[in-house]
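Order as written gives the chain letters A, B, C and D; numbering starts at 1 within each chain.
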Amino acid sequence: MTIRIAVGGASGYAGGELLRLLLGHPEVEIGALTAGGNAGTPLGAHQPHLLPLADRVLAETTSEQLAGHDVVFLALPHGHSAEIAARLGPDTLVIDCGADHRLENEADWTRWYGGDHAGTWPYGLPELPGHRAKLVHTKRIAVPGCYPTGASLALAPALAAGMIEPAVVVVSVSGTSGAGKSLKPHLLGSEVMGSASAYGVGGAHRHTPEIAQNLGRVAGEPVTVSFTPVLAPMPRGILTTASAPLRNELDPDEVYRQAYADEPFVHILENSWPATAATLGSNAVQLRATVDRDAHRLVVVAALDNLTKGTAGAAVQSMNLALGLPETTGLTTVGVAP
Amino acid sequence: MTIRIAVGGASGYAGGELLRLLLGHPEVEIGALTAGGNAGTPLGAHQPHLLPLADRVLAETTSEQLAGHDVVFLALPHGHSAEIAARLGPDTLVIDCGADHRLENEADWTRWYGGDHAGTWPYGLPELPGHRAKLVHTKRIAVPGCYPTGASLALAPALAAGMIEPAVVVVSVSGTSGAGKSLKPHLLGSEVMGSASAYGVGGAHRHTPEIAQNLGRVAGEPVTVSFTPVLAPMPRGILTTASAPLRNELDPDEVYRQAYADEPFVHILENSWPATAATLGSNAVQLRATVDRDAHRLVVVAALDNLTKGTAGAAVQSMNLALGLPETTGLTTVGVAP
Amino acid sequence: MTIRIAVGGASGYAGGELLRLLLGHPEVEIGALTAGGNAGTPLGAHQPHLLPLADRVLAETTSEQLAGHDVVFLALPHGHSAEIAARLGPDTLVIDCGADHRLENEADWTRWYGGDHAGTWPYGLPELPGHRAKLVHTKRIAVPGCYPTGASLALAPALAAGMIEPAVVVVSVSGTSGAGKSLKPHLLGSEVMGSASAYGVGGAHRHTPEIAQNLGRVAGEPVTVSFTPVLAPMPRGILTTASAPLRNELDPDEVYRQAYADEPFVHILENSWPATAATLGSNAVQLRATVDRDAHRLVVVAALDNLTKGTAGAAVQSMNLALGLPETTGLTTVGVAP
Amino acid sequence: MTIRIAVGGASGYAGGELLRLLLGHPEVEIGALTAGGNAGTPLGAHQPHLLPLADRVLAETTSEQLAGHDVVFLALPHGHSAEIAARLGPDTLVIDCGADHRLENEADWTRWYGGDHAGTWPYGLPELPGHRAKLVHTKRIAVPGCYPTGASLALAPALAAGMIEPAVVVVSVSGTSGAGKSLKPHLLGSEVMGSASAYGVGGAHRHTPEIAQNLGRVAGEPVTVSFTPVLAPMPRGILTTASAPLRNELDPDEVYRQAYADEPFVHILENSWPATAATLGSNAVQLRATVDRDAHRLVVVAALDNLTKGTAGAAVQSMNLALGLPETTGLTTVGVAP
């Protein structure tokens, strides 16, 4: 079967990563590529690494341009996907890499993003209990945020096993591509290189309610989340460190190994701790949990590529599920290192 | 006055930073420079940035070579400073950049480092309550570890004010020079660049008891510390994120501003969050605290240069105090950025 | 068909990249993996990005371990491949990523490497005139050096067209993985990050005679090569800048476009200049040539990934040719960026 | 004596570096700080490393604001300094970090920058023959471009000694701060890190005529310059590799050692090759020359910090000369490394 896909927002980082993966996906054919301000220019001007598509001219991001494809990926600023999806109709698989359809609670949406809540779509993190089934044959998918992917996978098994108190502390060190291709002074190479910096401190980052939603559902009780993102001098990668007070004496190795036993993309390390470089360009999450006896806390570290498993890889993985393809089609657990 | 100083371990990163600062210190004259395996080679082969000393040949690190100076800085592997200090006699100011004399509790020493406990020396973090006075006119100084410097300065004011529970979570993102010039595969540039990785996870890092000791003394009760160090792709800098459950509703801005009102090297930010690049090569700590109302935690972020304020700058600052010089002599709060 | 392959030197950077590519090659099955000092340890300890092979234990690099495969890749220190190849027999395809069989001139070998010259094998740079045919159905392949790949592809069309004098200047900026996983102080992350440095200056780098050999053959006359390698703070990538005095007024765009018109891995840029990031993990070379009218020189810039097209990708491309597979099997022109 | 200085363009990288150096200069007092679009905001928002000036509010860049100081440093886009200087009057020392007054030839100015030629000021590279004397007691200084500083110091001694043909090839690898704080996509951290890229290829960079002017004057004949700048993933630093065909058999060590024997900021290396990290934040140039016998060329490598010796350090050094202060006041040859 050949699946015809379109990408809205093809000149950004998420769009570029979607195309990189889709160029290697054996079942898809790449159709319309659209953009906002970059419409009318060739893709090669923005994504010089995508040689086979270098001469494709970007169309304007409209539902007309995106119509007529089996699958439409949207990598747009938030607030734009609901309207486009409505116009594409119920038979098109729409995969939203933005935040619009992740939050279930309208009040959360209003508080953290503002404007009308566009509703909730099946959530593209099949490794979280309950989600994989909802992705099969769906026509709407909300791709998780990059930080929530790491934090949720790091803590879900422990919460599901009742191992920890529902009060977690997450500090995530991220590469700069997570901020997108925004022209802001603090994202300039001169500012970023040689520097680590925190932002959205004190619960101010918009991914916080998404983490809490994911973890609360797994825990079966509300989970408070202290989340601090840190920007590190690397283009890609998220290293999540997560911890919480212990509730019991379960062996974290066993709990995590069992939780992810059948997951093709989650790999539990035994003798080393995760490093983001090992996941570069791959859809893998490398993860390890341990108990700090002195602090009486569980500590978990997870590494992933924010653009792959954290965004575009999750989108393709979810597409595979929705279309009935093998879940791993077009994806790899092999990183590009060093 | 001209103070004659010697540096034991001059070919390493701490030794190099000591010399960089001492070359700019108006009151000192640089005497013997010693090394272990690099003895017999010129300093320029190891520290090409220290041009004025490039032709100095490194002597063997022995008490004989280090004798005859007013101040001896030791930047040696742990376990070596006590014996050298004993031979240098009580009139020489000995400043140990290693761990040997930081821990007060013998059992802590034995558990974390092993071997005999060499005793405790005045602790070179004058910004912590009670320490500055002990440094004045002392002849022995234990320079704090780089991680404990950030964690202690980040949390001490809140603990002293009774603002937080004595159960803290610290995640510190560090540049690679903190690991020294060790020839280990994971410290190669090819491995480090583009990667963030955790190590010493679950309370396994030796700086944990030092942090607990500092904070426990300030809090007046034992403090449990969950500490996770993260290696980031930058040569220098530590970004500490620290948090703990709130005990009361004090305003963190006021608490921190008051605590550090008279400190020349601690700067409380108002409108931005700390970034390590702004402290490069300076003795400043940039710091900001806030309250996360949802998670009911205090969150503090502190940035410093691990080689300057985290090691060699603290050593010089402490030397100034011990010798009765103005505390800031030869030190700056101005970083080299971008 | 399933081709059984072995890799000698699997714990190093070239070996790791070979395995990364071979894991995605549809026609191969990965057999023996061997190492020197790392024999007996699991591959995952050295190549954490190669998850599917993480538990494979490395055997000793001997001809016995490597025997019994259709293809044997050797990524060994120079001087070791001839003997192993002899023992593997004439029916095994042996692909040497080392320097042993690249140089045709025995005197060159003796001067630059020393010891006995092991003979010359077909040279795995099919884009150079005359080489592709020799690779078809061969059983011995010498993979080019990473610098010679960039320099030769950058200058060959101009020399073949008689466009430039046979006196070229090449400055190549390389990532650190080109130096391998050697534990040398100047390759530590702390030394590398934030620094550009030259080495092998003045014609002292061993790749110089290989560049001269390639270019001389294309030019039909001896070519003098001034080559300066520069180490830059990045794990991968070579940016070659090459220039030479003009001999005629040909249009470089036309000359280069025509020379590489049928090459699947060489891409001529039109509106931008090459950047190494766009080639990360890909087998592509991005290239552009121009004329400097004031200096009366041709200037060419080429970007490639030193581990892929510069080493392991060239090895796989050559294997494909030798085995009669489509030349691009298992290889991509799509880089992993940003 | 206390010299009152002002800085026009204080929120950019050159302005920040000027202030960093001037904060450590014992004879100056920092007066007005001005900016273009950032006027009205505190300096700390743009230069978080300049803690002592964090609360200074930036004034508008006008001659009124800059008037009334002994020295005015201008770090402005080109085309603005002549008018401001005229209004400041002949008694104010005006030091222009921009390009406006560097080129002697009006045709060069018109071709490379366009608009009216503002005239030529004494050139702030005292290490070039003939320049130091012109800087003493002058009231107008044109600070050299960063690339011309490296290229000129690398090649001047050889040209002066008649050692090389007047046809030089210069490839300079630069950190990103050389491009200023411009919000352009290719300067984003995500794009820069992990990548080396060429720009201004084929003689298109505006620093080319400045290099040719400097070298032609030293050589006493026109010098053709093939110049290629390369952007590397580091915030600071320029590594210049320069070469030219040999004219005679002089010993480069002797020629360079003699040429720079009395220069406080030029250091000739003997046993190693320059690396930019060793010059970070210092006013030093580290340099080494050798002869490539095979290619019959002289090859020179020079490292410097583009913001210090390449811009702001040269400005301060020139100011010292103009004011009759010791040339090295407020400057160091000690870099901040690693």
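To be clear about the criterion, a residue touches a chain if its C-beta (ideal position, glycine included) is under 8 Å from a C-beta of that chain, and two chains touch if they have at least 3 such contacts.
Note that the structure is predicted; figures quoted are calculated from it, not measured.
S.K.: Listed by label, which chains are in contact with chain A and with chain C?
M.R.: Chains touching both chain A and chain C: B, D.
S.K.: Among all other chains, pick the one whose mean CA position is farthest from the mean CA position of chain D.
M.R.: A
S.K.: What is the distance in Å between the mean C-alpha positions of chain B and chain C?
M.R.: Here chain B and chain C have centroids separated by 44 Å.
S.K.: Give, as an integer number of Å, the spacing between the C-alpha centres of chain B and chain A.
M.R.: 37
S.K.: Please set out, as single numbers or ranges, the residues of chain D touching at least two other chains.
M.R.: Residue numbers touching two or more other chains: 13, 175, 177, 188, 190-191, 193-194, 233-236, 275, 277-278, 280, 338.
S.K.: Over in the complex, which chain B residues touch chain A? Could you list them?
M.R.: So the residues of chain B in touch with chain A come to 167, 169, 171, 173, 175, 188, 190-191, 193-199, 201-203, 208, 224-228, 230, 232-237, 239, 241, 243, 245, 273-278, 280, 288, 290-297, 299, 301, 303, 338.
S.K.: Show which residues of chain C lie in contact with chain B when the two form their complex.
M.R.: So the residues of chain C touching chain B come out as 13, 46, 175-177, 179, 181, 183-185, 187-194, 233-235.
S.K.: Taking the complex as given, what residues does chain C use to touch chain A?
M.R.: 13, 16, 20, 23-24, 44-45, 47-52, 54, 177, 193-194, 235-236, 267, 269, 271-272, 275, 277-282, 284, 286, 332-338
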